[in-house]
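After this come two complexes, each holding chain A, first together with chain B and then together with chain C.
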Partner chain A sequence: MTVVFGIFLLTLLVITALGIVRTRNLFVAVMLLGIFSLLIAINFFILDAADVALTEAAVGAGISTVLFLGALALTSERERLGTRHRWLSLAVVASATLVVLYATFDKPRFGDPGAPVHQHVAPWYLEKTPEYIGIPNVVTAVLGSFRGYDTLGEVFVVFTAGIGVLFLLSARRGGARRGAPDYRAPGERDASGIGLREHVIPRVVGRLVVPFILLFALYVQFHGEYGPGGGFQAGALFAAAFILYALVEGEDRTLAALPQSWLHALMVGGALLYGGVGLAGIALGSNFLDYSVLAADAVAGQHLGIILIELGVGMTVTGTLLSIFHAFAARDRA
Partner chain B sequence: MEIVLDLISWVLLSAGGVFVLIGGIGALRMPNLYTRMHAASVTDTMGAALVLTGVMLQAGLSLAAIKLAIILLFLLITSPTASYALASAALLAGIKPDAGHAADEHAAGGHATEEHATEGEAGP
Partner chain C sequence: MELLGLYHYWVFVVLLMIGFYAVVAKVNLIKKLIGLSLFQSAVFLLYITMSKVSGGTAPIVLPGMVDPVYSNPLPQVLILTAIVVGISTLALGLGIVVRIKEEYGTTEEHEIQEIDRR
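So, the complex of A and B:
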């Protein structure tokens, strides 16, 4: 039954992907990308990868759709036809497809216990997590502690991406503002913004839902050791709550609630917190990112370390996503 | 008792499936944006409500049933709101809600008025 459902979802995935490639309307492409992310999230869930499914649904279907729409508001709705190098790209894609297809012949059967991925380090992680880390969610143990270096790298990738986007988007903004001051009346300016302040129903419902999203985000953040969740998912949820607030109440009020300087502090602070926890391990006489020495008991130290680094991840992801969102929205108004 | 609950649950699930199917057909076959939206909103109100109630009966009195009830409440609040936001965005973009038009027509200039919106509601 699961296999049938999986095949059904993968078929839909291929159809959606073809739709994304074929459409010239970029709005349609963005919406299809959201559907694509949701489908792949369900697929991950069928494969029992609840953590990844949660991330994909929150980031892929939620935040990136909003960011794409923000980017589209700055450019045109239609894709420009590129006719050069079409045959070359077709050849590259076709050969890559053939290579991947050839590689799948050597793939082990779905769920085969003898597959290399189940023979390498995975058994060791499954066996040693209760002993060394003492938390039920092995994914969090692997992500936070065993492979802490990789996650630190991911956090810096997110951080760097945020800085890059902020540089690109704020490059011309100051000049454009100074050159062409906004002569419209304040009321008019509000209506032209992205806020839905005039619409009672979305506003009331948005206000009703935002606190629950924040509560759920806190749950996902601090429950990541026991169930699916963690910093990445929680960061995306925090950002989603504030983006929803910005959509119903307007940019200004969101920035009043959580100013830009706070967002930058979150971005930098999260990465610093993660790195700092790693350095604390060295200072206390062990290796970088070894949390065992953070507390008197090694397992308690691992707990503390994982909670702190997950907090760092959540802070950086929240700050980066919201900074990028505000940068897009500010460009739109300027 | 067990079999009665099972029966009711399957009836609800099938009815929900039928509503989703009707919503899908309507979203493809209706003549303009507003009527298509009207059809599609059947999916996430009636369809989702029936399917979730059916699944709740399958789950029995447990934590899962409470979670499903909360999801149902969330859907019943948010999906009509999303429909409202979509319709109002379409109206602001200048799509006229005249019933019977074969295609989504953009208004010649500026925004469609409130009267159009109420007329569109009474369409076939």
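So, the complex of A and C:
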């Protein structure tokens, strides 16, 4: 039954992707991309990757859609010219498809436990996690402890991308509009920032849902060692809650609740917290990012270290995603 | 049934190439970024497909399970972080497109090239 459902979902994915590429209306393409993300998240769930499904649903269907819409508001919704060199591109893509399809016949069959990918370190992770780390969720253990360097790098990539967006979008507009003063009356200016406050249904539903999203984000953050969850997912959920609030109540109120300076502090503080936990390992006489020495008992130390670095990850992801969102939204109103 | 075991990989290839087509053939910069997102999602699907073990369950070790089979946690970890990094780089790309639109007044690739040639 699951196999049939899986095949159905995969086929839907291909159909959605074709729709995304064919439509000339970019708004439709972005909406379809959100559906595509939800479908692929369900697929991940069927494939036993609960953590990944949670991340994809929050990031792909939620935040990436909002960012694309923000960018569309600043550019244009219609794709004017479609394709160039269509037949040449199709020929290149078709030949590449054939080559890669041919290569798939050498792949191990779906779900084969004897596949090379399952022979290397993965069994060791599954076997040793209860002994060394003492937490049930092996994904969190690998993410936070065994491959802590990797995750540290990823956090800094997120951080750097956030800085890049802030740099790009805080530059002043070029051309005729440069420095044009805002002649509108203060009341009028405020009217542009009220979001959907005049629409009853989005406002009521939004207000009802936001606290629960925040609560769920906290649960995902601190329950990540036991069930699917962790800093990346929680950060995306926190950001989604505030973005929803901003859409319903307007930018100004959101920035009053969580000012930009706090967001910057979250971005920097999270990355520093992660690095600091790593350095604490050195200071206590072990290696960088070795949490065993953080507490008297090695397993308790690992547990503490993972909680701290997950907190750092969550802070950086929340701060970065929200800063990026505000940067796009502020550009929209400038 | 033997070939059905490859269906996931075929979907991966098709999605990858649909994304690739959007990147090379489409003129609009935002559409190119959408194509890049599709391409990226296809790679995620490949990794997660490879992590699946038949009859397995999510890699969360609970006491009291009799002879459990877990799917591979490693590809899941890699993709989990890749998704969040992906959205950050996507935001960077969108930021660049927005700045291009402000400076050139268009997001269509060859119009930008024409303005540059002048």
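Before moving on, here are some points about what is shown:
The rule is simple: the second predicted complex is superposed on the first by the 306 of 334 C-alpha atoms of A that agree within 3 Å, B and C clash if a C-alpha of one lies under 4 Å from a C-alpha of the other, contacts with A are read in each partner's own complex, and residues count from 1 in each chain.
Just so we're on the same page, a contact is a pair of C-beta atoms (placed from the backbone, for glycine too) under 8 Å apart; a residue touches a chain by one contact, two chains touch by 3 or more.
Fair warning: this is a prediction, and the values are worked out from it, not measured in the lab.
Considered on the superposed chain A, chain B and chain C are sterically compatible, since they fit side by side.
In the superposition on chain A, no contact is made by A:215 with either chain B or chain C.
Our angle of interest has its tip at the CA centre of chain A and reaches the CA centres of chain B and chain C; in the overlay it is 90°, to the nearest 10. In the superposition on chain A, A:76 makes contact with chain C only, not with chain B.
In the superposition on chain A, A:36 makes contact with chain C only, not with chain B.
Of the two partner chains, chain B is the only one that A:201 touches; chain C does not reach it.
Once the two complexes are overlaid on the shared chain, A:256 sits clear of chain B and of chain C alike. Once chain A of one complex is fitted onto chain A of the other, the partner contacts of A:129 are limited to chain C, with no touch recorded for chain B. Of the two partner chains placed by superposition, A:279 touches none, neither chain B nor chain C. Number of chain A residues touched is higher for C, counting chain B against chain C. Of the two partner chains, neither chain B nor chain C is touched by A:91. Of all C-alpha pairs linking chain B and chain C after the chain A fit, the shortest spans 18 Å. Residues 74, 77-78, 81, 84-85, 88 of chain B are the ones that touch chain A when the two sit in their complex. Residues 3, 6-7, 10-11, 13-14, 17-18, 20-21, 26, 29-30, 33, 36-37, 40, 43-44, 47-52, 55-56, 59-60, 63-64, 67-68, 70-72, 74-76, 79-86, 89-90, 92-93, 96-97, 100-101, 104-105, 107, 109-113, 115, 117-118, 121-122, 125-126, 129-130, 136-139, 142-143, 147, 150-151, 154, 157-158, 161-162, 164-165, 168-169, 171, 173-175, 226-228, 230, 232-233, 235-236, 317, 320-321, 324, 327-328, 331 of chain A are the ones that touch chain C when the two sit in their complex. Taken together, the chain A residues at the contact with chain B in this complex read 196, 199, 201-202, 205-206, 208-209.
Of all residues in chain C, only 2, 4-11, 13-22, 24-28, 30-31, 34-35, 37-38, 41, 44-45, 48-62, 69-92, 94-99, 101-103, 107-110 touch chain A in the complex they form.
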